[in-house]
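These notes concern the structure reproduced below.
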Amino acid sequence: MARFFKNREATIGQVPGELVFIGEQKVHETTIRVIDYDHETLTEQELKDVEDSIPYKEKDTVTWVNINGLHDLELIRQAGKGFGLHALAMEDIVNTGQRPKMEDYGEHLFFSLKMMSYDEAEGEIKSEQLSMILGKTFLITFQERPGDVFEPVRERIRRQKGRIRKVGIDYLAYALLDTIVDNYVSIIERLGEQIEDIEEEILTNPTDEVLAKINDYKREMSYLRKSIRPTREFLLQLSRIDSDLIQDETVPFLKDLLDLASQVVDIIDTYREMLSDHLNIYNTGVNNKLNEIMKVLTIFSAIFIPLTFIAGVYGTNFDVLPEIHFEYSYFIMWGVFIIVTITMLKFFRRRNWI
Amino acid sequence: MARFFKNREATIGQVPGELVFIGEQKVHETTIRVIDYDHETLTEQELKDVEDSIPYKEKDTVTWVNINGLHDLELIRQAGKGFGLHALAMEDIVNTGQRPKMEDYGEHLFFSLKMMSYDEAEGEIKSEQLSMILGKTFLITFQERPGDVFEPVRERIRRQKGRIRKVGIDYLAYALLDTIVDNYVSIIERLGEQIEDIEEEILTNPTDEVLAKINDYKREMSYLRKSIRPTREFLLQLSRIDSDLIQDETVPFLKDLLDLASQVVDIIDTYREMLSDHLNIYNTGVNNKLNEIMKVLTIFSAIFIPLTFIAGVYGTNFDVLPEIHFEYSYFIMWGVFIIVTITMLKFFRRRNWI
Amino acid sequence: MARFFKNREATIGQVPGELVFIGEQKVHETTIRVIDYDHETLTEQELKDVEDSIPYKEKDTVTWVNINGLHDLELIRQAGKGFGLHALAMEDIVNTGQRPKMEDYGEHLFFSLKMMSYDEAEGEIKSEQLSMILGKTFLITFQERPGDVFEPVRERIRRQKGRIRKVGIDYLAYALLDTIVDNYVSIIERLGEQIEDIEEEILTNPTDEVLAKINDYKREMSYLRKSIRPTREFLLQLSRIDSDLIQDETVPFLKDLLDLASQVVDIIDTYREMLSDHLNIYNTGVNNKLNEIMKVLTIFSAIFIPLTFIAGVYGTNFDVLPEIHFEYSYFIMWGVFIIVTITMLKFFRRRNWI
Amino acid sequence: MARFFKNREATIGQVPGELVFIGEQKVHETTIRVIDYDHETLTEQELKDVEDSIPYKEKDTVTWVNINGLHDLELIRQAGKGFGLHALAMEDIVNTGQRPKMEDYGEHLFFSLKMMSYDEAEGEIKSEQLSMILGKTFLITFQERPGDVFEPVRERIRRQKGRIRKVGIDYLAYALLDTIVDNYVSIIERLGEQIEDIEEEILTNPTDEVLAKINDYKREMSYLRKSIRPTREFLLQLSRIDSDLIQDETVPFLKDLLDLASQVVDIIDTYREMLSDHLNIYNTGVNNKLNEIMKVLTIFSAIFIPLTFIAGVYGTNFDVLPEIHFEYSYFIMWGVFIIVTITMLKFFRRRNWI
Amino acid sequence: MARFFKNREATIGQVPGELVFIGEQKVHETTIRVIDYDHETLTEQELKDVEDSIPYKEKDTVTWVNINGLHDLELIRQAGKGFGLHALAMEDIVNTGQRPKMEDYGEHLFFSLKMMSYDEAEGEIKSEQLSMILGKTFLITFQERPGDVFEPVRERIRRQKGRIRKVGIDYLAYALLDTIVDNYVSIIERLGEQIEDIEEEILTNPTDEVLAKINDYKREMSYLRKSIRPTREFLLQLSRIDSDLIQDETVPFLKDLLDLASQVVDIIDTYREMLSDHLNIYNTGVNNKLNEIMKVLTIFSAIFIPLTFIAGVYGTNFDVLPEIHFEYSYFIMWGVFIIVTITMLKFFRRRNWI
């Protein structure tokens, strides 16, 4: 249940816009990391206090504040106040059951989306909410727990790889979004391989476990689709947005990302269809197996029932039963048995049963 | 039947715009409660006579009139006249079979939607119609029966919690709509848990009761969807409305609510899909069970029918039947029995039947 | 066939715009009734000759000409000429296989829709085509046969009930449309009750008759949908029309009617879905029954086949068959019989078959 | 195959716009017929040479050139040159695998659509491509073979029936399109009757032939839909076109035709749905038949297997077997047989199996 | 897996816009071929170095640079720099897992689509990515490996066939796109024939191989659809584009191509539907076969079980068993056997089982 809907019951009747943490706490302590750079300079530090990050707001450099852990509402509140975030954005940040979306609050853009990973052991996709606030000079990201998924982006910043240090903060936001969508692709690839692998198994050996697997994959695909489709929607919105915060040069990159997200959704649908086909084949396999079983039964019955009948006839105790006195009767009976059996076998072979 | 369509037969040929109560009367007496407040003052009182609430219309303060019970058409008519409601709005208020909708009558906005609760005992969702009239200085809510679902909002007003006392009447309307949509979420959560719970049962023990349950959940989900989808539609309309009655500051809150409603509809669809999958698994389970049954039958038949045949042969009364006179024949027969049985068992094991 | 498509073959190669009556003649004589009223006066009369109604065209009062029977093409042609109808409108009036639609011919609006009734005896929905011409000062309705479905509207006119006498001719058109859509609701209610009623029957006793019923209801629902969906479409068009013939005050009423029509279509879809579910349950019921049958067969076979085998062994005529000479053998055999039977019964109980 | 896709392989790598005849040649010789008329005059003649028709282009009268047979590319090329047709229009004329479409080439409009006929003997719909070029003063129609489907229109022209001689060339185009769509209706009527007829057969006697029929009808309906849906689309385009070639007076006629085409598509969908329902019923019929078979088997087995067992017991050769020496044993055994049989029959009747 | 998603894992965290070759290398060496022509002149040469092609950029003639092989990133980078390509276009060129798309980079248009071929031996569609850059005076095509699919276009250029030498570079782009879409048609034709061919097999002999084939075809059709639908989308975009690079005279050709692509998608959907129908028939075939098997079993059992019972009765050893002493008993028994058998056969014939 929890996967499709975070428990919101706690919020019924709550003041809308008030901060309530929804979800399970995934870290003990909240960590704050600031990277501040422009074309020439680069500062990177771990902060104890979120207040220390606020002065960066006024600087013209690109400032990326990454906050891991959402349960410390006081900290979120301070950050919100310091950077001038909208009350609803702040509420959405701490509600980890949020549907992926984008909101334009004029002064800043708010994104909420899912970071996913595939837990091979449990065969389940784990997801974590990522919120981003994109302002004029700062980008704040809120994660549920520390993870190194953004490490390659940090590396690119540190090593001045590609264009990242030369262009604006919107490009940084794009780079992070790109990393996340790339991650979806890799999860779907992994799942897809498994889905294609069970195909053979289904037809040859339609056991309950295979059925359970098909259903598990179906659920995972539903789950992925539920998270990724709204992501595609907001990327579409974003690529068409009319906002000072997104520069014209970044738009082709966002469109490219949108294309990738569209492709991801297409492929999820292809796999969902494939799983439906698998289910059909499974059922056909079950029916075929029933046919096999019934053929065995029918062949045995159809051969031995007539034979048993014949033997039964000569087991009767009638005073007058001429055949039993004839010397070769018993052997003739065996002849009849053999003829009947051969006839039946031919009959079944003609029908392609054996 | 009543759940999908309130009996409207009474209204055929009626004057459109005329008040006819459609639905079942759920309270004996209509109760009227007025809360009137601004940033500083707060009045709360139970009224005997709806006429007493009309003077509030002219005051600049926020006035919330809550009317419980819809059968007293005279009272509704007085309220309508007093607050200047449109004839069609009034007709819709007393027709509890209304589809959720919003109507802009210029002077006021009219909302009609469903308040739901899940009756655990009957496993059925109960719904009640809520109509709202949002005017410049007043908000009138019409409920079928008293219920404390709005109590938390009243508390927030009384305790000045959040922004509710500082902002306008449109925010109050939003707060009430939010409470109702939050309620949908909690119902779906509860249903969803049950739906996920039966999954295991379906595969292991596909009884008629499980089938009946799946169908019950399907019906409940259809019912929810029928009520919530139009709600989402009107929230979309509302978040884009161009009306003096909705202030710009309230729009982000309405959009947020719209997002939640969209999520609710998404999840209902996810559960509907899941129930279809459940039905498929159920059917597969039934087929698997048939296979099991047939395997047992076939194994028994295929083993014992040949054995019985052999015994039958030596029960014949032929004068010449050489084997029966041989001393060890009987024991040899048992040997054959054992060999046949072992052969058959191996045959079945090779086919994975046992 | 006739229900889904009126025989149009007669018209192939015909002059478009030429009058050809398509359908079956339902009355012997065409009757014409004129109601002419304004706020103060009211005239109501049966006319012999359609020509007599034409002078009303020039009067400022509201004139409603109701014509029952469509086979008298000469009469239709006269009316058409007298009131200045478009050739295509006239062709559509006499073609009873028309799809519900609205056409704006500038001088007048043309509506074509279906009046339905449920024939309980045949379990079939009967439909009749109603065409309306709404001009500046006149409304002409063409029915296939006289029916009192509009009687309540006439009563409201006569008794000055509601607003009908105070407002214009477009309101009269609305009132008639409203009556027809209300009628759809009552038919669906009646069908819906029957559909919900068979649910129990399906699971407990899936006979051929139940299957036939499900299919009948499906067909009726398809038929309803085919007629009502285009009606909703033209109501949507009508509520947004930019025409002098529809006054602004009437628009909210039309919107209200549109809401009702949308609800009707929603509910038809809900019932169609429910019927699909019913079909699924039916099939599951059939499968469950097969399982029941096979269980009985398997239980009997699995118990008695081994017993018969044992008896068969001691019916053999071997010279040496030690057990048969032992005094208690027969009783021991019975003991074995009982043990085998109990074992088998336990086996089946463990599998939940009995 | 050919029905869903004409062989285009020949055209791969061809010069686009070059004439290549795709399809099978259906006539030996191409025939050309010109009808030229205005309100007063009428000329009708068979031409040997397409060049002779070109002078008509300059005349103000309505000129309808009908060409039967598409394989003579030289002739098509001459016509194209003479009337100034666009290269692509000419290519589409000779490609009989064209999807129905409309193209506005400024100077003329190009239509391509299918003329269909139902071949009762083969139970298959035959289709032929019709291309039309509508210019200012001329209309050229290209058919694959001569057919009298347009004869009624010619008759109307000759006899001055209806408005055809009084109005422009666009009305002639409409009249021809109308004839074709009317023809679709008659085909669907004929198929529809057959589809409704097999319904009874399906439930009572689900043979392989019935299944084959259902699938044939499905294919024919798919085929119809594939051809008629794009026709509807281009009629929609045509009824909204902004071109000098279509006069305002003709638009209502085109809209009327569009309505008919929409109705045709609706009805095709209804029949497709009905065929899916038929398939479901067929499968249910097959399952019901299996149940019948298994009931017979089970009843026989369940009655006779216990009886045979009992007889088997008293066929054993134990030295001590007290019952066999009792005088009435044999008769008692028969009594037991009868009691068991009656008990079993009651058991089956209680379960509604017999 | 690889067919639905090229391995992108390598790119996670990569610099967007950076060149990374995704796919498998299909040639050893990259080959470059330049064709440069106008109405009068024609140069065709193989280049060693991509730099040599850059001077053509400035010439007014039509220059078509075809590059086979994508793994040599240095070469691609040089080409990109020389012709001024956008970084994202270059990234897409070397990512062979790209979704078909069009991008307007102002100075040039970028197309990415799939060239397909049907590998008869493996029964699988092979696809290769083709990227096109359309500039003012040059067209660059990037293929994964050399193939002569464009040879006919080159021939047309060489022999001045059709209009290709008379018109601009956008027409060349069209000609290449046309060649590719024509190729889709021929693949679908080939697959379609096979799909229609298995129909008969399905009903008469529903083996596992047939089922596997149906599923293979389904997968191929899914694959085709996934590639061709976005192609249609971008052709739609292209036919409506507002760019200097596409001249007005080329638009009708693009529209024509769009029509063909739409037809291709329609037909793919028709075949997908047909395959679903095939699967249904297959399942019905399996069920029918089960019915056949059960009929055989039931007929044998129902005839011989009663007979065996009768024989069993007279095999009992009761002291008093009057019938066995009657002289004709044995023959009477045979008479009874025959009567029972005939009765049963009649019973089965009446039920249409034999």
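Going by the order they are written in, the chains are A, B, C, D and E; count residues from 1 in each one.
Basically, a contact is a pair of C-beta atoms (placed from the backbone, for glycine too) under 8 Å apart; a residue touches a chain by one contact, two chains touch by 3 or more.
If you're wondering where the values come from, they're calculated on a predicted model, not measured in any experiment.
Steps from chain C to chain E, taking the shortest chain of touch contacts, total 2. Counting hops only between chains that touch, chain B reaches chain D in a minimum of 2.
Between chain B and chain C, two chains of identical sequence, the interface residue sets overlap only in part, with shared numbers making up under half of the total. Here the spacing of chain D and chain E, counted between their Cα centres, is 26 Å. Centre to centre, using the average C-alpha position, chain C and chain D are separated by 26 Å.
Averaging C-alpha coordinates per chain places the centre of chain A 42 Å away from that of chain D. Those residues of chain C in touch with two or more other chains are numbered 283, 287, 290, 294, 297, 301, 305, 308, 312, 315-317, 321.
Taken pairwise by the contact criterion, the protein chains form one closed cycle in which every chain touches exactly two others.
The part of chain B that touches chain C in the complex is made up of residues 1, 4-5, 7-9, 11-18, 86, 88, 91-92, 99, 101, 103, 105, 205, 208, 211-212, 215, 218-219, 222, 226, 279, 282-283, 286-287, 289-290, 292-294, 296-297, 300-301, 304-305, 307-308, 311-312, 314-317, 321, 323-330, 333. Those residues of chain D that touch chain C in the complex are listed here as 151-153, 155-156, 161-164, 174-175, 178-179, 182-183, 185-186, 188-189, 192-193, 196, 203, 252-253, 255-257, 259-260, 262-263, 266-267, 270-271, 273-274, 277, 280-281, 283-284, 287-288, 290-291, 294-295, 297-298, 301-302, 305-306, 308-309, 312-313, 315-322, 351-353.
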